[in-house]
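Chain nomenclature is as follows: A, B, C and D, assigned in order of appearance, with residue numbering initiated at 1 for each chain independently.
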């Protein structure tokens, strides 16, 4: 690999890979069974909690956070490799305290949180003691255009009052979820990107109601869950606002760059695992006198996925390096590019893998339907592909329009 | 439309369309709620049962069956139009007693059933009093190559003894399901396509166990269900075999032609509804100062789907006409073509519609995730796309190899 | 085929097919050699002229023209089948006096020409004695938006004066080309679609200069040629205007419907021939111990092309039938659909065929590079795909916006 | 860019870019006119010869050759960047003495040539005094399977006798072409990859006949040309064989790795130029009240091309680095990947650019038709995409089959 890692990063990466493949993946089946058990779902799994503790003890913890002493101090490029390894199993990120949206929420608190905010919320998050959710998307407007946001965070003396309805608040169903980060309109008369505020809301605060949990292609993603949440006259002291009123967009933007690398690299890890499953199945089953993988265009599809995955990975690592070297401002186009590319690569390989597995592929005997749904959802979460294509094209045209 | 309908067919079609749009689609939401209610699922919905009765009274019944007096006596081309109308809602086919796999099973019994078999099974199926399942696909082998089949239907004196494991036996969860049509190996020494038998099995017969119901992208498709079923020394009198031992493949082939037209036309109906949902949403929501549908390449996608749907429909109607005129033997390639084309058209338009709906599209607030899954599953059910591509290519090469 | 033909049409079709396959295709190689001979190009080929005469004598003449006594009196649907047959060879259309742009120009004269215009121009065109060109597209503006047109046709007393520059005037290099139909702006103050006039211009008229002949992917398409033509103070009597000033768009619109069916069906014929070449080559050459056609995904591609061609053909025939029954006004969307679909089908199959032929495919030993270029050019001639997608989407949205 | 260059490499790259954009691209139009002039074609262009001399004087020469003192001593990764810059104009590679097939032929002579061979052929090639061709592909067999080769290089005492027919011998039309490298069967009884020999043949040797020059989508690529060449009892001393009899495949394999990086990076340079042309045109022309580039899905296409080009470039640079570090043996899959990826990226962006330019795009007013043809031909030259997909898949399966 051209993107060389420091010795420490390489050792950490090797260990993460080992734990994912040898300890976490074998827990998937029992985990899924437990979650589907109506008497058992929405609880944590002791084996995973124990593994978390071991990883924490071993220092395999908060690997995503480049800022020491909060996190492990790896660069985005280094962590990107680890995120790929974690992407191989949907159970892996939490084991290393690296799961969304907690990662992004911790970054917000690291960079913008007051001392009091950090003490109350950041510390337990870093310790993996609590979980959090991010409440931005709304059901009643096209959230791809963030300025459509209707929820309000109105200043009222020493207080801020929240009203509105959010959905796709991921993680809100987790038994340990205690913090919601809410985004709402504070000052409609301010300049367009200074109208909104980000507010820290205890999950159990009066006026906060989790109306329901939303399924994603039939899965509730226990024990995280994606909530539809209403905020009705939720009153909080003004110092619950992160970094002061009107800075919501600024913070949200900063939150997204590394987060998109994480998502993208996890998607690539998921794509690699999917391709592996596809090939293993294709070699082990026979039809018309041949292993499935050697029938028709199947080998061409394997080659296409190999090329797509390799290219997507290089683009992500390149983008991570750009951010490490020059900051997010020099990588707007690239961050949008990986957002699109990685999700599509995963969706496509999962679609082909499902096809090769036949009925088994769409059932829950295998992680394929989930892997596919994961890729599919990434194409619309955090801004749909189309919005990112517009961003990329805009950057591209800039080079010529300036002239 | 070039494919002209008789006056009776046109009147029936108009009525079917009206019932689907005005009476059935409004029942979808309450139906879905009922099915998700753990105290309520897997039961029939009184409103739908009442509507069924009304349709039966009105003669909108067994429309798929060209053979009078069993069915309504429409040609495949005529019924194809009605199947499209029914495809608009997953609840519609049963309302008109036209749902798979009962339709195919009824056709088997019409064409190959003995008088006794018809009396016992066909009559209540035609009356909509019982439901049935078809047990062919197996979990342990690549069922795309039907000769892989491992289940056995062994002759033993006056009896036939069934052993093996089947899955994706659709409809087996339905409260009224009473009949299973089982396919198994009878004589491994017979010519390749005369080795298997089709056997009529009462669902509650000793040795038959529904091991579990399989989810499809998270949905159990209540109240039909897709079962994994074990057959352990299931003993039946020899006259439970349809048309005699060794004729399984012959019957299965005949069963598939019209069935694939039904599936394909329903997929086209589903695609039309999906496109409608996409456009309505795209016109009603706004981002960046424009209706979503007018942003970026969305209108190009609308045009692409319109072209794809129109072409797929014409191909299906053309195929139906070929079968009506010349029989299935003159339409092998075409039947495989529509199998592929219609499913892919549906999957693609549903994927784009989901993208335009954002999060709502992957939830169960809308039928989109189900519509997508419907298209996706059709790409692998009844033979995956790849097997059908091979059939088409084989027919194509025949023209040149003969020379 | 579902689209049944009259006995006369079927007999004509059979004869056209026979002549194309047995008499015209064998002339392709000598024709191409003659055209490439610098001492020989841009002349007519005696064998083709003789064949034309025979076809004329046999009544296989002006088959495209539904209006008797001018043409053969076939419906658009009937002629569509013949156009497909002619599409198998680029030499075929002229043999039956059915080649663009003469066909469109004859239709203009049939429907809009004065008696004098018909006598002077239509008669010799119908007789195949002269050829013509159509001068609409301009080099300096995006002609996809016809209102961009800059050339002028200014009224000056009893005269009309033409100025401007046109290109892609196909047929202008033909030794027999005598008529140009020119379109230009007459009255910029008139309503948007009544500003332009269509004018009949003798090719040798003073002020008309063929500046050069344009290659299409390296081919000048001898002996037709695509000209860039300047018009400098070209003065003509006012009665050279077709149907009077300001009716240019109206006439151009009417000209396009049937013309697009012809183009599309010829493209389908070309696609069929290409697929045939691909399969024949793939069966006759061997690599890695197998006929090429059976390697990798080649058979899947054959199947994909079969499905695409069949669907495109049905869409064209359906569109032709719509026009026959209800007129072009009920088929705007469909006419745009076939414009896109047929060209893309041809381009794709030609691309795959080239790939299978390797180097031979891009050379001029085979018609493949030309067939490909034919498909490619059709995607942008007569309005690029994108403009037609916009038309289709507009029609689609109309259904919902009305409500 | 993550792939950091040495200071010398960066300075060279900057200079190459400057010369390409400021001096070479402006020569394209006069060059094309000269080549099309029947009295002028197939001669060298004085301006280019002068520029070559200047580049040589400046040390911008043989940049592709990592081996000093023969070449400039850049790594493959470093040269890859320069190859991209040269890919912007088809005239550029020769200016820096870096054009195929001379580059590959020089590498063969550097690595396998005897002292005498190097003296006679390598020196003038390195000096740019002569040009050469590579004669491997044959017209009568599927050359994608190299073992199909039918031409013979038979040992006869102290001599080797060549017989057979080759085609697509690029460069053979160049006025300075003096050397052909011929590959033929020497010992059919040897192990499969030791049967063929590579022989150095003076172009004017008795028995060598350039039968004709082959057009590529209508272009003869003057002054290089692609020849069909017959070898009839061509007798040469045995020491004309490179590295001894039976080593042809071994040498051919070694020749391909870096060559494919060059081809791929030039394709990427060509793709960048094409995208630039597309955007500039799209910004400068207007239809329906908007710059073309902002209509419909055009901006999405720009974004798609940006993502594709960036990913392809990273994959090429990554592959070059693999070869630099570990040799070609560790990069078989990657070399095949870039072979496919880069050509397809170029073909696709050129296709979209042509669409945006309309008629101008398919003419020879612009380099677009050639850029497209360049990408198209790369998909089948040096092994078609399908063969490379098979290689990639084979490497992929190895990981699992070993187990």
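The rule we apply is simple: a contact is a pair of C-beta atoms (placed from the backbone, for glycine too) under 8 Å apart; a residue touches a chain by one contact, two chains touch by 3 or more.
In UniProt terms, the chains line up like this: A, B, C, D = Acyl-CoA dehydrogenase.
This structure is a prediction, so every number in the text was calculated from the model and none was measured.
Chains that touch both chain A and chain B are the following: C, D. Fitting chain A to chain D on CA positions gives a rotation angle of 180°, reported to the nearest 5. By the residue-number overlap criterion, the interface of chain B with chain C counts as same, with over half of its numbers used by both chains. Spacing of chain B relative to chain C, judged by their CA centroids, is 43 angstrom.
Averaging Cα coordinates per chain places chain A and chain C 53 Å apart.
Residue positions of chain D touching 2 or more other chains, listed in rising order: 296-297, 299-300, 386, 389-390. Contact residues of chain B toward chain C in the complex are 2-3, 275-276, 279-280, 283, 293, 299-300, 302-304, 306-307, 310-312, 314-315, 317-318, 321-322, 333-334, 337, 340-341, 386, 388-390, 392-394, 396-397, 400-401. Chain C meets chain A in the complex at residues 296-297, 299-300. Residues 38, 137, 139, 141-145, 148, 167-168, 214-219, 285-288, 292, 295-298, 351, 354-355, 358-365, 369, 373, 376-377, 379-381, 384-386, 389-390 of chain D are the ones that touch chain C when the two sit in their complex.
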